[in-house]
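Just below sit the structures, each encoded as structure tokens.
Same chain, two partners: chain A is paired with chain B first, then with chain C.
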Partner chain A sequence: MPINYEVINPNTDVATTKTLLHEVIPLTGTIVSGTYGTFPNDDNIKNYSHGMFQSVYDYPYLSSSANHIFDISVGFDESSPLSGSANSVQEKKKINMYNQFSQVLLGYTGSANRVRLFESDLTLDESVGNIMKETIFVNLSRLLTKDQIKKGSVSIRLGTGSWAASNNSSLAKTFTDSAATNNAGTLNTAGGDYGVLSGSTGVGGIVFYQAGVMILTSSIWAGTTDFFSASTGIRTIDKQLVSGSISGSADAFRHRLQNLQFNNTTEINSSVYFCRASHNKFNYSSNPTYLSSSAIRVKNQNRDNPPVSYITTIGLYNSQNELLAVAKLSEPLKKDPTNELTLRVRLDY
Partner chain B sequence: MSLKKFGRSDVIRNAMRAYPHSSFLIYSSSVYYDHRPIEAGGFNGTDILSVNGGLSLFEYNVDKSGSTAFLRSGNDRPEKSVTFLGTNAPIIPYVIKDSNRNFLKSKSRTVSIDSLTGVKTGGIQETSDDYVAIGAASTLTGSSYAMSASITRELMTIAGGITTTLYGAEKTRVPNHPHYYSLRNSLNFYSTRSPHYGVSGSNWNKDEQDINLISVPKIFYGSRIKPGSLSLKFYITGSLVGELKDTKYNGELIQVGPAGSVGSGSVAGVAMYEEGFVLLTGSWDLTSGVSYGFDSSTTGSWTRFACGANDGIDCSTSASFDFSFKGHTETQVLTMFAHARRGEINYSNNPTFLDYGQQRLQVTSSNVYMESDSVTIKNTVSSSYTGFDAPFERQVYVSRVAIYDDDKKLIGIATLSNPVLKKEAQDLSFKLKLDL
Partner chain C sequence: MGFLDNSGDIILDAVLTDVGRKRMAEGEFKIVKFALGDDEIDYSLYNANHPSGSAYFDLEILQAPVMEAATKQASAIKYGLLSITRTDLVYMPVLALNQKAGINSVLKHNNIILLAANKATYTTLSKDANIGTSKVLEPNSLTPTAKVIVESGISSPDRQPTRENRDNIIIGTNLLDLQFSVKFDSRFVSQLVSVQPNQDQSFANNTDGSRKITLTAFARKKAVSSTEFMDNYVTAIADGLEDLVLQYTTDTTGDSGTNLSQLAGPRGGMTALSFAPSTEINAQGVASPSYYTLYGSTGVAAATLGFSSGTYDFIDTTIYVQGLTTGASLQLPVRIVRQQA
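Entry: the complex of A and B
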């Protein structure tokens, strides 16, 4: 129990700050295919009976230690040339998937109030050359993206060689959002800000930072004749998007995902309390060991010595003098009448 | 939208007390928490969370191998230059240096003592030194979420032993087992609970005894270990040779089994419930003179209990140990009753609540905005017959309950698992629970 209290002035002694905490998230391609079981039936890949997306975990998902890291799905717009193709599989689900992502992330447009189409630039003007009608969706877990993905930190490397050479890095395409910063290079939409993923071979897609969603265009694999290969046959990306299941297309995408990395951001709000100990205060301790035979120990029985105390703890009290919080110093601080201290107590929430 | 105010008896605050059970099995220098197997990974071959029988505090970097680091070059912006070493590099946190003076603490600190002056340097100061040394907008990294918690065993031979070291002209007395010295005051304090806590007693002096200290991190027990719940079992080749319990609920660990065993009924140590420590001093032979290679001892005793539990000792494979207890946690719970009385909560802002195709706006001008007062509500009452509409009734489906503060700011939403039908003449109460 303190002997007296030092009043904190809210105008001069309290400040609020916001800190951005980041994390580097590396996701190597070997996690998503080949490490945990035999591709495509990896133990860390979960497929669902509804077949609309596939979940990827960082460890076999039956383990309680496993964390969900992202979902993969594919889709195309109903105005795509792929729509209405013969021998199509899960066509309605693929169109619905595209519509759902575009509805949530881009919203509606036009007098008919139809959903917008994804575009590979920041204009949303539906210019023909930029529209992405056939897409792969990578929906990153909130565990990894936290508040949002850090702009300018996304990099994805995708194998574009043959099915057998999908891991060949020389045949891979790398896309980054290097043009995106906090002040430029993004566009704000219904789903938050998005930036363009581009590389030396052109634009590969877009990334929504707050939503944590990457939209990749199928044109990345336009020159690949065997985007998918299995006992059922060899397919180009367009053929796979029509005749393959969503989970089969997700398998093919995993097979070609060589590397994915980004940094995330968490906002931490803090209150900083400046606790000031003036020269003539806090030089005494109510600790029982402070006195020996009614004399202050550190004064060595010499009345000419000034009182000395060692500050170890700061207690924050409310207006009723009820203890609310305690701050501990990493090491005791010496306090005597010759010095003044300002101790900075930070409370994160 | 109308708001309803909670009445005096609608908001209840209470505490939910729980006693979580924890069990540790120690065998062949490995610890198994709650009998969970140690999971080997594809990249990290021994333990995916690098935890020897405990809890990973973040459970974040699963099965990682390698390292992640920023390349620093003067005062550049190194967040653009990340390097990943190894087959599956871990996630690392960082902050960018700004004027807020924030930095991340490192997991381990290096403290060095000058051999001549005895002055300590390093420790937490090192990290803050990084903050001072590094340029603005550079990255300050932290540890890679590798923090974990498990029980730790420490054998303190002659617990009160002191080594005298000469620093320059001054002699400094350094305790051989500082953990014991930090507990001495507390042990004497608890001697009112049981005389066995006392550092010195009628026929013992803990300073001169070998003490087996088992430390239990707070994450396993909460505010205290529940008195009467401790159980320590000592097995040799699968057979129980000794069991300790705190049967008196006062911290004394009394050997209760097996029946007729050596030392049965004797106090082998004490438990510090609030601090999470168990101190074992029982030195009688539990293994009938047979040597099983318990570190420096030839035979098994309570001072060799939990041998191999994160103590760096390669312990006998003949012995296994079971250490179990219950914790004590109190969770503050806020319970709120939101009442939807008859005649209330009978309207929805959902556009589908009204019949389709109606003109809601009646008049609008620069100074008038008036909605039509003849808009009809869609009849959603289910009819049992085809071609027949059931008579109209006012009804809504309640799907969410929102909580607002005094300033009418939304502070929480409770979503029902299924929408609940609320008819005009019904009273409904929703019970909302919030663990604080």
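Entry: the complex of A and C
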């Protein structure tokens, strides 16, 4: 246990900084369909008895090594033409899903205090041409997005050809949020900032950066006659949103997801402690090898030789002498009365 | 705990300790001071006679690999660097366990200090022909016959243990240890008993070299948690006395006080200690408390332990003593012995 400490002055010896760290997160389409097991019953896809969403893992989800990467769900607003359709499946749940995302991400409005509707622009003025009433929700896990998605980094490529040609890249549509930056191209809402996912064929949806949620409009597949295909028949997206289950629609979406990429953001708050060892401090050691029969080895029996120590460790303590953090130098640092050292210890939170 | 990459620039590898994370969870994470350590350094590698010159004296030390930072408090800084303003010191005090016969210093038995777990065991061992009262500590006694006597001072005979040298090397340099930190495993030892610095207590010799030692006033010391050191360990502060065993020109014994002191050079301070075994291990009787099975041995024949007769349980532990002025430290191997009877 050390017996000599030096005070760290909070005014002069401590600095705080904030750093944004970004990682590229590429998700290829194969991981969501076909890599583990046979589509649609992939081992890394988890469906729930409530049937309200589907979870995608990066490995068969029964394995403890699996990480949850995102969830898929679908829904529509109760004012959608799809609402009230005959032979509808899970209609109530689909409306509930839309309302839930809407109330969390946009909130309520109007004298009736109803939820806002998602729009494909940055105005939220409910202009008819921009309202997205039938949507697919992609909830990215916090493991991937960390503190938030980096604005301007999102890209998603979706197959819009026939069911059989869903992987055909020439029939795919790519949407990006290239107009979004830290200073422009986003709208601040109750759920945080969102930007528009647009491509050469128009707007594909919006992305909420802090929430890590992508809202995709069903109109992406407006011209696709067999958005869904199975032994039960083929369906357009509108037909699937009415007659298909949420998990079945999620399966169809996975079938058409060719690529998804974004940069996440980790906000690192750092405290930098400047540990100043002045010339007359820390020149001796209580290390048992420092002495040989009480004689200081590095002095070699000569009182004119300066005392020398070699620093390998820095301990940071609270007022009760509890060691709160420890830092190690990669190699010993020589300390003697002819030098002064400032050791910069950065703690990230 | 791997080694740090030392092939490039000097880098710092910093982590929060277990206590640091706990304090952060409690909202009480506040760093107010720092200390420096050199636990990986072996100063015996310093070669002041290197044929290639002074630039090579510490070459091997500077090449020492440094381990990664560990999150356990206890494995961080064991010793620590010292801030002493004077630069002309050649000697520094060490701690030494007094093993001089005839002054009621407990003597090691087979290189270990024996502590009786209870009065019955002490009574038996103190009458044992191989042990006697000089080789076993009486448990929880404020009037112990044998004591652990730890001295702080210069062990080298290069400086004679005169009063003048003591004043110059120990007192004048502020390297006098009169308080000692004693760390012990609270599972096995419940209390520290240490000498009290009353006026009638002394550890000295007379000018003719005869002993002037009175160590009769002892008190129990309160211990506080010492998890920053090791799990289950607690710390108690032992008071000390001035170690005034001196070399006198009028000494008729001719041994410069080395008949009383373990140190060959100037002596500084000393303390005398004893211990109280914990209630978990101090029961008398045939049945062995579970701690002996868990952490020690049971039913051991006397001959195995170097005793004359009987069957015993024992637990080995280590007690750590550190001078609070000099930082000098000493490890005491202790065997807590319990008679199965």
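Observations on the model:
Methods note: the second predicted complex is superposed on the first by the 323 of 349 C-alpha atoms of A that agree within 3 Å, B and C clash if a C-alpha of one lies under 4 Å from a C-alpha of the other, contacts with A are read in each partner's own complex, and residues count from 1 in each chain.
Keep in mind that, in the parts below, a residue touches a chain if its C-beta (ideal position, glycine included) is under 8 Å from a C-beta of that chain, and two chains touch if they have at least 3 such contacts.
Note that the coordinates shown come from a computational prediction; the quantities given were computed from them, not determined experimentally.
With both structures placed on the common chain, the touch criterion links A:Ser231 to neither chain B nor chain C.
When the two structures are aligned on the shared chain, A:Asp304 is found in touch with chain C, with no touch to chain B. Look at A:Tyr36: by the touch rule set out above, it reaches chain B but stays clear of chain C. Put simply, more of the residues of chain A are touched by C, taking chain B and chain C as the two choices. Using the contact criterion defined above for the overlaid structures, shared-chain residue A:Ile25 touches chain B, although it does not reach chain C.
With both structures placed on the common chain, the touch criterion links A:Ser330 to chain B and to chain C. When both complexes are overlaid on chain A, the residue A:Leu347 reaches chain C alone and has no touch with chain B. Once the two complexes are overlaid on the shared chain, A:Lys281 sits against chain C while remaining clear of chain B. Touch criterion met: A:Asp58 reaches chain B, while chain C stays clear of it. Of the residues of chain A, those at positions 330-331, 344 touch chain B in one of the two structures and chain C in the other.
Interface of chain C with chain A (complex): residues 4-6, 8-17, 19-20, 23, 28-44, 46, 48, 57-58, 61-64, 66-71, 73, 76-85, 87-94, 153-156, 158, 181, 228-229, 265, 322, 324-329. Residue ranges on chain B touching chain A, taken from their complex, read 39, 41-43, 48-49, 56, 59-60, 62-63, 68, 79, 82, 84, 87-96, 100-102, 123-125.
Note for the complex: chain A touches chain B at residues 17, 19-26, 28, 30-31, 35-36, 58-59, 63, 65-67, 153, 261, 263, 270, 330-331, 344.
Across the complex, chain A meets chain C through its residues 1-8, 10, 14, 271, 273, 275, 277, 280-304, 306-319, 321-335, 337, 343-347.
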